[in-house]
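Two complexes are shown next, each including subunit A; its partner changes from subunit B in the first to subunit C in the second.
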Partner chain A sequence: MSMEIEILLKMLVFPGGLTLIALGLLYEYIDRKLMARFQNRIGPRFLQPLADAVKLLAKEEVVPQGVIPIFFVSLPILALAGALTAGLYVPMAGFAPAFSLPGDLIIVIFLLGLLTLSIGLAGANTADRFSILGATRTLTQLFSYEAPFLLALLCPAILADTWQIDMVHQSVLGRVWLALPLFIGFFVAVIGLMGKLELAPFDAPEAESEIVAGALTEYSGRGLALFRLGKNVELVVGLTLIAAFYLGGLANPLEFLLKTLGLLVVVAALQALFARLRIDQTVGMWWRIGALLALAQLLIVVILKGVIL
Partner chain B sequence: MPGLQKEKFIVPIGPQHPALKEPAHFEFTVDGETVTSASVRFGYVHRGIEKGTENRNWAQAMYLLERICGICSHVHSTTFALGVEKLAKVPAPPRAQAIRQILLELERIHSHMLWVGVAAHEAGFETLFMYSWRDRETVMDILETFSGNRVNYSANVLGGVKYDLGPAQTDSIKRGLDYLEERLHYYMKIVNSDESFLRRTRGVGMMTTAQAEELGAIGPTARASNVARDLRVDSPYLLYEQFPVTIVLGSTGDLQTRFVVRIQELFESIRVIRELVNHIPGGDLTVRFPRRIPEGEVVMRTEAPRGGLFYFIKSGGGENPVRVKVRTPSLRNFMSVLVGSVGHQLADVPMILSGIDPCFSCNDRMIVVRREPGKETAS
Partner chain C sequence: MSNIPAGLPKPWTNMLNGLKTWARVNSPWAIHFNSGSCNGCDIEILATLTPRFDVERFGIKLQGSPRHADVLICTGPVTTQARDRLKRVYDQMPEPKFVIAVGSCATSGGVFQGCYNVAGGIDQVIPVNAYIPGCPPRPEAIIDGVVKLLGSLQEKKPEVKK
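Presenting the complex of A and B:
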C-alpha cells in the first residue's frame, strides 16, 4: 500500500505534478521578466503567470463549430500529460529521477514531442484558417528540429555508453562540463529546445502578425491553459535535461536552480536578439546547419570514444 | 481528394486582425505559404470628415481636418491653412511659417520612428520595436513642450500659429535632437547589419523604378525605388526654399532600402530643424484673418511623412468651405502592396504591407456594402 502511495506522491506532488507546474510557472515568469527587461519594458508581476493560468482555467471553453469535440478537449490534456510524464524521468531538482529504465532518453524525447504533436493536431482539427496554417508550420518545424535535438542529446549518452538518463547523469556528475568539449552539441540542444517551445526567433508557427495565435487560435479557457502549462513544464524539463547532460550534472537543488536558471538567461537573451525566422528559413537553417552540426558532433564523439577507450 | 486541391485557400486579414492597427480587409489567396493573389477593401472607418467641413466655418474645419490622421495631424491642418491663406491672399508671417515647418519635421521624426517600430514588430523583432518607441518618446516630449499635446497639437490658426518658439522649446529641441541623432545612427547600424533582420527585409517587397512610376507610388516608398519625388523640393512651401531638404533616394526598392531611406530622411529633418531653430525669423505669430474667404478654388500639396498630401479647397465666398477634397498618400501606395505581395511568402505579407507605412482610416471616403459576391452597393 505504502508503495502505491509513494508512486502517487511522486507523480502528483514531487517531482512530478504540482512541483513541475509550479516550477513551470516560475520559469515562465523569469523568462517573461528577463525578456521584458532586455527590451526595456517593465514586464509581468511575479504572480502573473499563475493568475493567467487560474483565470483561463476558470473560463468557459468555447468549442467551435467544425471540430471533432473529443479531440478538441482531449488534445490539451494529452499535451500536458506528456510534458508532466517526461518530468518523471529527468533528475528534477537534483534528485534521482522518479522512474528510471534503460532507454528512457528516447521516451522523454518522444513525450516532449507529444506536446508539439498535440498542438499541431489541435490546429489541424479546427476549421479556422489561421489554425490550419499554424498547424502546418508547427508540424513542419517539428520535422526540422527534432532530429538535430535528438542527436545533440545522444552525444553525452554515447559517451556514457547508456541511453538511461539517470546513468548518463551519474557519469557526468562532478566531471568537467560536457558543454566545453562538446560545445557544438550543447549549442544545438539549446537552440533545439527553443525551436521545440516555439520561442522567438522560431515562433513562426504562432506569428501573431500573420496568423494570430497559430494552431491555438480557436482555443480559449481550459484548453489554452493546459497547452500553456504544458509548454511551461516542457521548458523546465528541457532545461533540466540539457543542464543534467551538458552542464556537469545536477548534484543538489541549489545547483539545479543555478544551472537551469543560467540556461534560461541564455535562452531569454537569444529570444530578444533576433527577428523572427520565416518557416522556410527555419527549416533551411535546421537542415543545412543544425543537422550537419549535430551529425558532426556525433561523429566526433564516436571517433574520440573509439580512439581513447 | 482531387477536388480539394483545386480549391483556393484564402487567408483573410482584417478587418480585425492583430497585424492591423486599423481596420481594413485583405484577402490573400495562398498556395501553401506562397501568395498568388491579393485584394483589399476599405471603408470600415469612414468618418465623413470631408462632408463635415462643409457645415463648419473655416477655422473649425481646420481643427476637424487635423483629426484625419492621428500620426500626421499637423500636416493636415497646415495644408488646409496654407490653402485657405492662399485663397484669402493673406500669408502667415515668416516666423509662423518657420514654426509650422519645425513642427512638420518633428512630426516626420515621430512618424518615421513609429514606423520603424511597427515594421520591426511585423518582422517579429520585438526588441527593436520597444527600443525605437522608447526613443520616440523624446520627440513626443518636444512636441509636448510646444503645445501641451503629444498628438493633435492644434498649433495652427488661420494666418499663423498659436505657439511661439521660446527658450524652453529651443532648449528641449536641441537636447532632444542630439539624443535622437545618436540613437538613429544606432538604428541605421542595426537595419544594415543585423543578420536575422536582413533576412526578413533584404529583397522583400521589391519594387523597381518603373513599377513605382506605373503604380503611382509616392513618399519614402517611391524614393526607396529611386523615384525622385518630394514636394518639399518639387514645389516648396513654407520656408523650404530658404531651408531646403535634400531628397534621399534608395536604389533597390526593397524593404531594407525603405528602412534606410526613412532613417536617412530623419537625419535631413534633424538638420533642417536645427537650421530653422538657429535662424528663425523674428516678427509676429499671426496676422488678422478674414472670416469670409473670397470665392475661388485652390489646390495645396505638401509632403506628409507618408508621401504627397493633396488638398482641394473650394470657397463660395462664405464662412464655410463649399468643398474640401483630401487625397492622403497611403491610397497611392496600396497598389504596390497588392502587386508586391504576389509570389512572396505569406510570412512576408505583413512586412510588405507595413513597408508602405499604411494609414487606413484616412483612405476611407465611402462605405461599400457587399450584399452578395460580385454585386456591390455604395451607400
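Presenting the complex of A and C:
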C-alpha cells in the first residue's frame, strides 16, 4: 500500500506533476522576462504565466464545426501527459529519476516528440486553413530536427555505454563537462531543443504575422492552456536533459537551478538575436548542417572511443 | 459562465471566484479589429504595443486568433460592409469577453455619423464595455482605458462609461 502511495506521490507531486508544472511556469516567466529585458522592455510580472494559465482554464472552450470532438478534446491532455511523463525519467532537481529502465533515453525523446505530434494532429483535425497550414509546418519541422537532436543526445550515451538516462548521468557526474570536448553535439542539442519548442528562429509553425496562431488557432480555453503548460514542462525537461548530459551532471538542486537557468539564458539570447526562418530554410538548415554536424560528432565519439578504450 | 461545482462550501467557491477574477484581471489578451477606421487609432494602438509603453507589464498580449483573445479592441465607425465581419469576430471569441471602442468614430460614428454606408459606432453592432474618446487617443489613454475596464471587473461593475 505504502509503495503505491509513494509511486502516486512521485507521479503527482515530486518530481512529476505539480513540481514540473510549477517549474514550467517559473521557467516561462524567466524566459519572457529575459526576452523583455533584451528588447529594452520591463517585461511581465512574476505570476504572469500562472495568471495566463488560470484564466485560460476558466474560459469557455469552443469546439468549432468540422472537427472530430473526441480528438479535439483529448489531444491537449495527451500532449501535457506526454511531457509530464518524460519528466519522470530525467534527474529532476538533481535527484535520481523517479523511474529508470534500460533504454529510457529513447522513451523520453519519443514522449517529448508526442507534444509536437499532438499539436500537429490537433491542427490537422480542424477545418481552419491557418490550423492546417500550421500543422503541416509543425510536422515538417518535426522531421527535420528530431534526428539531429536524437544523435546529439546519443553521443554521451555512447560514451557511457548505456542508453539509460540515470546511468549516463552517473557516468558524467564530477567529470569534465562533456560540452567542452563534444561542443558540436552540445550545440546541436541546444538548437534542437529550441526547434522542438518552436522558439524563435524556428517559430514558423506559429508565425503570428502570417498564419494567425498556427495549429492552435482554433483552440480556446482549456485546450490552449494544456498545450501551453505542456510546452513549458517540455522546456524544463529538455533543459534538464541537456544539462545532465553535457554540463557535468546535476549533483544537487542548486546545481540543477544554476545549470538549467544558465542554459535558459543562452536560449533566450538566441531567441532575441535571430529573426524567424522560413520553413524551407529551417528544414534545409537542419538537414544540410544540423544532421551532418550531429553525424560528424557521433563519428568522432565512436572513433575516439575505439582508439582510447 | 461558471464552471465551479455547485456543491462546494461557500468559502471555497469565494476563493475560486477570487482566483478566477484575479487571473482575468491580470491576463487580458487582446485582438485588434478595424471596422472602417482611418488608421489613425490603429497607429496609436500599435504604438501602445511597442517596447516604449510595454503593455506586457499588465499581462496584455496581442493575439492573432479571436479564439485566444479576451478583449476586442475596435477602431473606426462600423461600415455596412464590416458589420457582419465585426459580429462574426465577436461571436468567435470565447466567454468571458470584453469590447473596447477606441477613438471618436468607434464611440459614436464620429464625423462619419449619418453617412449612407456607415452603421454608426461599435455599440450599434456589439455590446461595448469601455469607450476611449480621442481623435486619435494617445497610447496613455488607451492603457488607462484598459486598466479601468479591468478595475471594473474587480468591483463587479460590468460597464465603464468614460
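As a convention for this text, the second predicted complex is superposed on the first by the 309 of 309 C-alpha atoms of A that agree within 3 Å, B and C clash if a C-alpha of one lies under 4 Å from a C-alpha of the other, contacts with A are read in each partner's own complex, and residues count from 1 in each chain.
Here is the rule we use: a contact is a pair of C-beta atoms (placed from the backbone, for glycine too) under 8 Å apart; a residue touches a chain by one contact, two chains touch by 3 or more.
All of these numbers come straight from a predicted model, not from anything done at the bench.
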item: Contacts of A:Glu61 with subunit B and subunit C, given as first, second, both or neither; value: second
item: Touched partner set for A:Asp280, first subunit B, second subunit C, both or neither; value: first
item: Which of subunit B and subunit C A:Asn40 touches, first, second, both or neither; value: both
item: Subunit B versus subunit C as contact partner of A:Leu133, first or second or both or neither; value: first
item: Superposed model, subunit A: greater residue contact from subunit B or subunit C; value: C
item: Contacts of A:Ala189 with subunit B and subunit C, given as first, second, both or neither; value: neither
item: Touching partner for A:Arg32 - first (subunit B), second (subunit C), both, neither; value: second
item: First (subunit B), second (subunit C), both or neither touched by A:Met92; value: neither
item: Touched partner set for A:Val212, first subunit B, second subunit C, both or neither; value: both
item: Touching partner for A:Ala204 - first (subunit B), second (subunit C), both, neither; value: first
item: Subunit B and subunit C contact sites that coincide on subunit A, given as residue numbers; value: 39-41, 130, 208-209, 212
item: Subunit A contact footprint on subunit B (complex, rising order); value: 9-12, 17-19, 33, 120-131, 134, 194, 196-197, 199-200, 345-350
item: Residues of subunit C defined as touching subunit A within the complex; value: 1, 3, 19-20, 22-24, 26-27, 51, 54, 56-57, 59, 63-65, 67-68, 70, 92, 94-96
item: Complex interface listing, subunit A residues touching subunit B; value: 38-41, 129-130, 133, 200-201, 203-204, 207-212, 272-281
item: Touching residues (chain side subunit A, partner subunit C) in the complex; value: 32, 36, 39-45, 47-48, 50-55, 58-62, 130, 208-209, 212-213, 216-221, 224
